Amino acid sequence: MNAPKASFTPRRLVAAMLTAGTLAGAGQALADDPIKVGILHSLSGTMAISETVLKDTVEMLIEQQNEQGGLLGRELEAVVVDPASNWPLFAERARELLAQEEVDVVFGNWTSVSRKAVLPVFEELNGLLFYPVQYEGEESSENVFYTGAAPNQQSIPAVNYLHDQVGVERWVLAGTDYVFPRTTNRILEAYLQDEFGVADEDIMVNYTPFGHSDWQNIVSDIRRFGSEGKKTAVVSTINGDANVPFYTELANQGVDAADIPVVAFSVGEQELTGIDTAPLVGHLAAWNYFMSVDTDENYDFIDAWIDYTGDEEAVTNDPMEAHYIGFNMWAEAVRKAGTTDVDAVKDAIIGVTVPNLTGGYAAMMPNHHITKPVLIGEIQDNGQFDIVWQTPSTVAGDAWSDYLPGSRDLIADWRAPMRCGNFNVSTGSCGGSTAAEEAEAALAE
Amino acid sequence: MWLTQPFNERSTQLFIGVLLAAMTLVTLLHLVVPAGHPLHVNAYTVNLFGKYLSYALLAVAVDLVWGYLGILSLGHGAFFALGGYAMGMYLMRQIGDRGVYGHPELPDFMVFLNWESLPWYWQGFDMAWFAFIMVLLAPGALALVFGFLAFRSRVTGVYLSIITQALTFALMLAFFRNEMGFGGNNGLTDFRDILGYNLRSDATRLGLFLATGVALAVGYVVCRAIVGSKLGRVCVATRDAEARTRFIGYRVERFQLFVFVVSAMLAGLAGALYVPQVGIINPSEFSPIFSIEIVLWVALGGRATLYGAVIGAILVNYAKTVFTGVMPDAWLFALGAMFVLVTVFLPKGVAGLLAYRLKRRRNDADAHGQEVTP
Amino acid sequence: MRNFPWPWPTLAEAGRCHAQWRARRWPQTLLLALLMLILPPAIAHAQDAERDTAALELLEALDVDSFPAKGEAIDAIVASEDDRARYWLQSLLDGRLQRADDGRFVVVLDNTGRDWPVEDALSGEALGEMSRRELDRIGINNALRNQLRIAIAVVDLYAADLELRRASAERLLGEVDAELAEPIAAVIEEESDSRVRQRLTLALAIHRLEQGEVEAVETLQGSLHSRVRVALNRAASSDDPLLAAAAQEAVNSIEQNLRINRGLETLYFGLSLGSVLVLAAIGLAITFGVMGVINMAHGELIMLGAYTTWAMQQLLPGQPGLALILAIPAGFMVAALAGIAIERGVIQFLKGRPLETLLATFGISLILQQLVRTAISPQNRTVVTPEWMSGSLVVNDALSLTLNRMYVLGFTLVVFAALMLIMRRTRLGLEVRAVTQNRAMARSMGIRATRVDIMTFALGSGVAGLAGVALSQLTNVGPNLGQNYIIDSFMVVVFGGVGNLWGTLVAGLSLGVINQILEPWAGAVLAKIIVLVFIILFIQKRPRGLFPQKGRAAEG
Amino acid sequence: MSLIKSLSQRDRVFDFMAPAESPVDVRHGPILYMEDVTVSFDGFKAINDLSLTVDDGELRCIIGPNGAGKTTMMDIITGKTRPDQGQVWFGTRHNLLTMNEPEIATLGIGRKFQKPTVFEALSVFENLELAMTADKRVLPTLFARLDGPARERIDEVLEMTGLSEQRRRPAGVLSHGQKQWLEIGMLLMQRPRLLLVDEPVAGMTEQEMERTAELLTGLAGKQSVVVVEHDMGFVRSIARKVTVLHQGSVLAEGSMDEVQNDPRVIEVYLGESEEAA
């Protein structure tokens, strides 16, 4: 891998200012004890497909940071481990990073289950985790920062778009059978019924196993469901590998985006590299970032990425942006706190604002979720997305959905004095808190 | 008495001795030696060892059926996972109202899937004794039904291996389904405490490690006693000449069934000890790949010598921990190469080399496992 | 592909004077052909200045943010007399109509990479390459896409090319409104092609039905097209009792007809799924049946076949079809060679120890997977589906069979037949069967069992490679491709009876069909589980599978 | 464990035939009675309504060319193969066609295979121990201990079969002849009422043959013995009554001399032996 060329365009300078602070640091010799940055992404096994690029992203960001003088005059050092797409191993590796390597912060995880597996470890050992992937919400841990989208930053706006702009009246909620689709679809069902008064017979829910490869029946059901006269759309939470055969089948059974658009929440540029997109033009995806975003920050990021990977065809995607944001936020917070001490950073980071790649700014909310714009893109024949709609302003991530009976009354606020991940506004008490007491327990030990 | 029989064998004395010594050593290095000292063993490592030991117990269970009965089970991960789930369900119930939703009874995943009440099969798991019985009973029952069908109709060899694989694969798919009420892909996690001890305290971890060690010792002795008994010899006879065994009056299928069930229960026990130490159980434990990997541990350690299985399990998993740490890409190559090399050049595994000398001196129980002609 | 402006009439004139267009069509096309051949730029030169300013305004109107506004702009273009209308609309539809920083409107000819070749939207002259940074695409959404398609369809109704006319007729079905009704009626009179006529008549009839004409029901009778059904359904619930009754009757007969088609569809799905299973499993049936080798790396051999296809397409950019066809022998060879390597390298040392071969080959599968990950990439690779394989064969409006799967189905049968021939008719087949029946005996009769082993294993592996080539058209081409099929393959082989090709065929197809029949009511996951459990129980009843094989290899 | 018990309960049904005292009823009738037994393997009739009776304590030799159905007959008696039709009775009480191998074995029918099959991984001693009459259900076997008499019996048989020195060696390393003896020894341990012996002297030296002859003749009287053998000399040396099988049915029966002078036998046999030679 060749190092990114340090071309100092004025913009890059500004970016440098924002991220790395004054360039003064660049000159002086770096203190010898480095700041350790843990990277917890699968490099082997089934998830390697998605996670390896995230590992590279963080490494790239660290490299850039060091070029700009590191942090607090100290060099950043990446500590990479491979949880090998094995959930128990994720927990073990997390423990290794925190207990053995004693890293100051960890960037990692993709799947919900891996996050759930490491959560107790981070809470017990009081570490910092930046989680870059859109997820099902229903969680707010004192030690985790969710830089990916919560349901209200992805699915809800997407549905609004389909309803208002495209005039969709019938909905197919198709997903892989795991927690993210389950929760998202449950939220959407409730939302569609409450907000748009969609009747039950106008909602079709369908779950398939991981890596499902035979979509004939399902697609033809969708076709039939969609040929009843009402405008129909498919909301797809189908996960990674299953998408290729799904879209192939869609194309071959002649399901045209103009007739039955499919809006996907788990299909980004990365996934499209595996698909012949010509027949898919017009199908949609909802993200908070697209590689096709037309801003100079983005083009700088892309160029840096292409140089870093040395691959002309290399693509960027939403979770990469999330890491970009998360990393800068953390760096900013460290600068603010003047230390990498976890508790200090935790307090300092709330309210921190850094530029995102879509020409706006992302702020860290008290519930450890961030503000993001929501973009709707249509697949183009070159494997890119063409942005057809976006929220007028950024949306703040909502840890607890307002559309689930269980979590309607819950809010999260990690500022003193509340310091609670699931405060129940109706009972006015910090419900069966995951983090608060555990943190104490951890500290007590 | 019958269970004390094995202690007359050198190998058993040796094994138990080493095991206990290792356990005490680790305990001392963890408790006595101050942190930061090069010899200090920290909680993370203790935890790791605990995991290895539970794997070792699982390997012993597999060796019992493969080494002495000649049944290559590619589905033992299923029994391991079932035991794990039984334990997991108990741990989930222990969380009580400390879940994120603070529901007094339902685990979080049930709350956000809008389940009104606990499904019937979750009843009783709040009681430790019930859960611990289920740890043995659930895998045992599955093994009993499956084994009864399979052995009665004399499904053998490859066919048996393949349908055991089908079994665990089917279970994996089933547990992935959220309707099953086992947390789907996320499985069971975020455990708090076991028998009132906080799972997130180092003391508990040490306790679990020791418990696993003891379980391994007991499991080993039980297996030893079985293979040392006349029944054990009937098993070997079955393995080598099934028809002949029938002609001298043994109802082979019942012996197979008995050993298979015992082995399944041991696997379940291993799973139950594994879950609280790694803090999560999810359907991936059912994946056929995992089951095949277990067999490799045994093959590497050496078939039909129970201690070989233990050695193999610990070796491979230690290697895994190291490799996936330092050079992730190399790991799968190494694992794959191991499969090939061991099966081709080291059919008797590491223990084969060890036992070679022993066998010279005495041709006792150790020896007769060695002529393996599957 | 670049579109040259076509001097077709715009919608506005279409209504007025389609008759004379008909008359002028031939010379027009000839002229067009000439122009295209000799002097493309000629067109550009032909333009005179003030038409361009007008055109520029038209395009300017497109460069706005609100999609409704764009919609109006499109209408304006349609209404304009400009003969480049279709060209613009088409480029807009393809997302290639863009605006450069200098305000010029250009059409991007190829939007891969960082710098794109472009041509001027007005003059059509090539402008060399532009960086994607200085270009702003004029975005459209699905609504506009629809609008554009219809607009283009209307224009194409007058096209010389029959295919274009048919396509546009298809598209107009259910899109006809009062404004279109009259010109279309006129076109029907003129149209020579019966299918186009029939389509347009339907389209018109739907419109008439919406106007509440009972006679329209007559025309729509029996058509299975969903638009028709929708229209009839609406009519059936209208307050005109006469109309409602007629429509209802029509709907009922259609529904009846649909049920039958549904059944056929499910059967086809089942067979195509089954064919995939057979293809994946049949190589295994050979190696397993003849040599008693459980080749866990079979899945990875399939994967190799798939990657070969990908590699071929990389070697022959732009000709996916040819690449695919060449991939068939190539895939076979690659996998076969890999197979030989495995046999010589490992399996020969494990004679008569089937369970060990299982472990060893599993190790090989891990190695091959990781090899692909490190050597090529952990990402999935794109394998393009050639034109002739995409889309579906339309049997009728309710039943269309996806082409790629049909090809796979056919391919499977061909492979199967070929294998049958090899086994029954060739020396190798004879020797193979001899060895299968009784190894020692065969050897004593001078058959070189080792050679037979190698050949057999190569054959089995090669077939796996073929399966890979086929699968590359249906699913992911990635490192995990093999894993997803290995277990199913084993199930098929064991269910069918080891070493029995017919068994494998029957087992595969029937499992496929069972699965697809179960799926609608049991759901995909449960269906799979049920099938697995069914197999497990079946093996209890018949430990040797559907078609038990007599002979040595059967004693696994 | 409780499961296992409940499972082994299923043995109850057969408790009345605990092998110690074999319950075979031979008061009025032969010990083995086969009538019109027919077996065919896809088309080919291996046994063709064969009828045969063996009296209690008799020593019967069965000869016949290859493919005459000798081994198949044994398979039927020991329950390995189920005939398409016919009857097979052990004594007058037990219908063998309704039982599986272990049941038949525990009833008191022992079999020695053509190709000696012993448990190679086990020591000679253990081979005999396994064969010994005992409660062969799962749990009893698990907790079984060798008591004095049992050991004596094993030693006795080791003596009889001349394997005393080999007692601790794995059976796998024995010579072919020794394996033959070991297998015979295992038969003796079973204390069967009826022995089926398939080519006992194949691969034996002259002396070994003689000892085998003695052994078998010695057994006769206490137990019934059915010997299948090619070696005419050997047959002559032990035979009292000989049955000739041909194409799955009895061709001739009688004393050695009778059958040898039977023209059909000569025809078949010489024809055969020439082919064989």
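Order of writing sets the chain letters: A, B, C and D. Residues in each chain are counted from 1.
We adopt the following convention: contacts are C-beta pairs under 8 Å (C-beta built on N, C-alpha and C of every residue); 3 or more make two chains touch, one makes a residue touch a chain.
Quick caveat, the model's predicted, so the values are computed rather than measured.
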Taking contacts as defined above, which has more of them, B-D or A-C?
-> A-C
How many Å are there between the centre of chain A and the centre of chain D, using C-alpha atoms for each centre?
-> 75
Can you give the whole-Å distance between the Cα centres of chain C and chain D?
-> 67
Take the average of all CA coordinates in chain B, do the same for chain D, and state the distance between these two points in whole angstrom.
-> 43
In whole angstrom, the CA-centroid distance of chain A from chain C equals 32
Chain A: positions in contact with at least two other chains = 44, 177, 207, 209
Residue ranges of chain C touching at least 2 other chains are 370, 373, 525, 528
Where chain B touches two or more other chains simultaneously, the residues are 173, 176-177, 329, 332
Which pairs of chains touch each other?
-> A-B, A-C, B-C, B-D
Contacts from chain C onto chain A in the complex sit at residues 67, 94-95, 111-114, 133, 136-137, 139-143, 145-146, 149, 226, 229-230, 233-234, 265-266, 269, 272-273, 276, 370, 373, 378-385, 390-392, 400, 402-405, 474-478, 480, 484, 515-516, 519-520, 523-525, 528
Enumerate the contact residues on chain B facing chain C in the complex.
-> 72, 146, 149-150, 152-159, 161-163, 165-167, 169-170, 173-174, 176-177, 288-289, 292, 295-296, 299, 329, 332-333, 335-340, 342-344, 347, 374
Interface with chain B, chain C side, in the complex: residues 288, 292, 294, 296, 346, 349-350, 353-360, 362-367, 369-371, 373-374, 483, 487, 490-491, 494, 525-526, 528-529, 532-533, 535-537, 539-541, 543-544, 555-556
In the complex, go through chain B and note every residue touching chain A.
-> 42-44, 47-48, 51, 97-103, 108-109, 111-114, 173, 176-178, 184-187, 189-191, 198, 200-202, 278-280, 282, 284, 321, 324-325, 328-329, 331-332
Chain A residues touching chain B - in the complex, by the definition given at the top | 43-44, 81-84, 86-89, 91-93, 95-96, 99-100, 111-113, 116-117, 119-121, 124, 138-139, 177-179, 182-183, 186, 207, 209-210, 404-407, 410, 421-422, 424, 431-434, 437-438, 441-442, 445
